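Scrolling down, you'll hit the structures one after another.
Two complexes come next, and they have one chain in common, subunit A, joined by subunit B in the first and subunit C in the second.
Our next item is the complex of A and B:
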């Protein structure tokens, strides 16, 4: 799951949940040579500065920053959105990295209101609900 | 409507003719529609598309044009026309027929033609001629074809173009000795060839060796009332071509396919360029209802994606629509999802195979409870369960309604648009009535998907907010069987 996707997801469809945003991220650990590492993949995605500049206004910046921080990939992103980001290529590249190149492979998404867990397996969040939850 | 305006501005006579026909089609029942289509197109064809003229010297000067026929899924012709105008030239003259378009291209434009995404197959128009059939004697009518091929039909220029485009290495004009030797060799190893399993039809012409003799087949398609059958025409023309050029007949492992179309009293001879249909791309692991990549492209075109748009396929199956979107519209963010675990895994393997570096993400969700905020998504393109191979018609009645209301919730008011492909029109129209305040239909297209009369609905979201909306109660009308 990319962080851009996380920025759009809510658990609004759950019974009794009104906003359900933002979902918390809990990354599970995998063992690498007896060390525990967070199950996060960083892959390469083609950079398109115009796209990033256009997508930033649609984002909830605070949610993105929090999510990036909670998985430890916040890098040098500022906590509040800077002015004139459209022309700042360096900044757009950093945002691109956090939005599209960092992927959570295994873990859970947490509903902020009910605490319901949505498991992420193999990079695919499972947002299916049981019948009694609708 | 934008495309229509461009049409009128840039083309003078032909655009008007096509435009008039485009309008008049909407009111014609299917059968008349077809009859008009064929006769008018045939008339225009002989006057505008240059079959490769026998008089002109075979060469590849860039100024020389040659006729091209392209096949696509029936119903998406205008999308193909628009793509041609976009990628080649706004003023190019295009003749549209049912399921195919004809146009003249310059030699140097051919690379663009092969890159086009909305078309399945490409042919070179080698010859267009008219006959006057007696309609009484089969032999006499077939003799007309034989004489025409033997005396008048000169395929040299078309063959030259075909050879250059496909990269065929072998010999197109063998001598009698070479032919006899090849024929003898083939008889010896015929048993081996038939035992090789693999692709059903057609071979890649660029795989040939230097002194290999061209293997060919003739296929005939016939429309209209004739005394002869299409197989007989194919046999007659094929026999004459063999006598004339000394090629080897091979119905399954051929390099060149000559397609003869007999449309009422006209014969159009075409040479196939694409040895494999262009829709074979992107997908590695197939689901039960995987859509052709060309159809996906046409559906996406109908949505007009802009920079920074968010495209969603809530019922992606094996992921053909999201992958095609990610490859073509790199300025958009694409998300796909399905509720079936197998479909999700198939999509994952397909994404890894063909679009791993694109802006695409995959989720596991139920279409009636999509995990998105209200009024957020720009574009929804999806292939709904037809109720034939996937799902059941009886379930569609409730499912479609749920889908439309949920889509109405997540789409952006006023700017959100969705392109939905379905076969179950009745369920769709009742669902649309239930959600009628949320959507307005901007376009509907009748499309042929694997022989099924499917429909594409292009919907635009109205400016009514989801909170104000109350679903209308619609009674299901059931028709009694006689």
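Our next item is the complex of A and C:
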């Protein structure tokens, strides 16, 4: 799951949950030799400045920043959105990295209202409810 | 490129005929071109049109999947002699740009051979390619002696037919029972006017064939599906030669196979009948092929039990039970979703299954915020077909909006009812036949008591 997707996902499917946003992220650990590492994959994705500039106004910036920080990949991303982002290529590249290049492979998404966990397996969030919850 | 109005000819592939006009219209409107003579292609596979520049021809051809090739039309006629005369009056200055002693050329002749002189003939990589076409109509059982129409012109460019082969399901890593064929997927992406940097969503993504097509036109793709095993590539393999799925069989691998991994955002396991996204999420296009309940089940999470209880220790590994998600409700949800989440003028492109004999346009799903801009039919069987519907969002939804889906027929219910009926009919017919035979036999026995 990329942080772009996380920025748009909610747990509104749950009974009694009206906003269900933003979802918390808990990253699982995987063992690398004798160490434990967060199960996050960082891969290179072609940079398209136009796309990033177009997507920024659609984002909830605070949510993006908090999510990136909570999984340890906030880098140099500023906590508040800068004014001239459309023309600032350096800045767009940072946003590009956080939005598209960082991927949570295994972990959980947490509903902010009910605490219900939604698992992320092999990079794919599972937002299905059980039949006693619908 | 020269910027002067000229006559061009587009030659179409003789496949998915009902989709041609809609595709061309979508492409033209995507590039903001207003032309008043859209192709009427019911009777012939070519479209002659005046266009302001050759550049535009290239633009159209860069997207059109139904187009085989385009040429600058120098002359057309019903008779060979007249064609020659017309060609002779074609401005020599125009001809000289492309033909002369120093330019190589080749002539491609469709259905018949013809001579051309001056300059050197080179079949590989000529400077100019000419096309001479004789059109003998569409009925292969009734070919006339003389062609109906003759064309001569300069070849400009090909359409996107090559892409169909490139994206062939035969060579694709991850496919399923209902993967959409590449040509129709590409047509859908064109109908949705997917352009570079658009966000495209498929809420019934399956094996992601529509995402592959959308990514080829630069769309960033998102998908959701209720089927956990499908998204994780753990369903039974579709290929007969394959016993188990390979470990990396999934949509992301498909996108990598075509070099479009950068255009893949994510897929999410979720039930479309419940809200998933932020209510202000805005997407550029929705392309989807919802399950019809025949080859893929139409399901949502639910149970017929009154008070289902799942113990806490089971909850994390529990596989939720599913109930039927009837088609009219599904399309109602789909249109409501599109009206809410599409940008203004954004498009929803989806298939809709029907019974051919009872089709009328008022059976199609409607929404006050969505305008039906194209509707093309693909015949599936004697009784059934599906229509590719293209809706454009014309305004934002209001609370008071009412969607009437009362006319919608549940395709699945009717499909199986009809099959049962025909089965019963068959049985009855057989029984009647048997009875008749027995009667005959008994009659014979009576007539020849010796035997």
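Everything that follows uses one rule, which is that the second predicted complex is superposed on the first by the 134 of 134 C-alpha atoms of A that agree within 3 Å, B and C clash if a C-alpha of one lies under 4 Å from a C-alpha of the other, contacts with A are read in each partner's own complex, and residues count from 1 in each chain.
Here is the rule we use: a residue touches a chain if its C-beta (ideal position, glycine included) is under 8 Å from a C-beta of that chain, and two chains touch if they have at least 3 such contacts.
Note that the structure is predicted; figures quoted are calculated from it, not measured.
Undergrad: Quick one: subunit B and subunit C on subunit A, clash or fit?
TA: clash
Undergrad: Considering only touches as defined above, state whether A:100 meets subunit B (first), subunit C (second), both or neither.
TA: Both: A:100 reaches subunit B and subunit C.
Undergrad: Mind working out whether A:1 is in touch with subunit B, subunit C, both or neither, as first, second, both or neither?
TA: both
Undergrad: Check whether A:124 is in contact with subunit B, with subunit C, with both or with neither, and answer first, second, both or neither.
TA: In the superposition, A:124 touches subunit B and subunit C alike.
Undergrad: Look at A:10 in the shared chain and tell me whether it touches subunit B only, subunit C only, both, or neither; answer first, second, both or neither.
TA: A:10: touches subunit B and subunit C.
Undergrad: A:48 contacts which: subunit B (first), subunit C (second), both, neither?
TA: So A:48 meets both subunit B and subunit C here.
Undergrad: Give the one stretch of subunit B, out of 24-32, 186-194 or 348-356, that collides with subunit C after superposing.
TA: Only 348-356 shows clashing C-alpha atoms.
Undergrad: Of the residues on subunit A, which ones does subunit B touch that subunit C also touches?
TA: Dual-contact residues (subunit A): 1-2, 4-5, 8-10, 12-13, 21, 45-46, 48, 50-51, 54-55, 58, 100, 122-129, 134.
Undergrad: Give every residue of subunit A touching subunit C within the complex, in rising order.
TA: For subunit A paired with subunit C, touching residues are 1-2, 4-5, 7-10, 12-13, 21, 45-46, 48, 50-51, 54-55, 58, 60, 100, 117, 119, 121-132, 134.
Undergrad: Could you list, by residue number, the parts of subunit C that touch subunit A in their complex?
TA: For subunit C paired with subunit A, touching residues are 196-197, 199, 220, 222, 226, 228, 231-232, 252, 261-262, 265-271, 274-279, 281-282, 301-303, 305, 307-310, 315-316, 318, 320-321.
Undergrad: Applying the document's contact rule, which stretches of subunit B touch subunit A when the two form their complex?
TA: 307-308, 310, 330-333, 335, 337, 339, 344, 348, 356-359, 361-366, 369-374, 376
Undergrad: Name, in rising order, each residue of subunit A that touches subunit B in their complex.
TA: Spelled out, the residues of subunit A in touch with subunit B are 1-2, 4-5, 8-13, 21, 43-46, 48, 50-51, 54-55, 58, 100, 122-129, 134.
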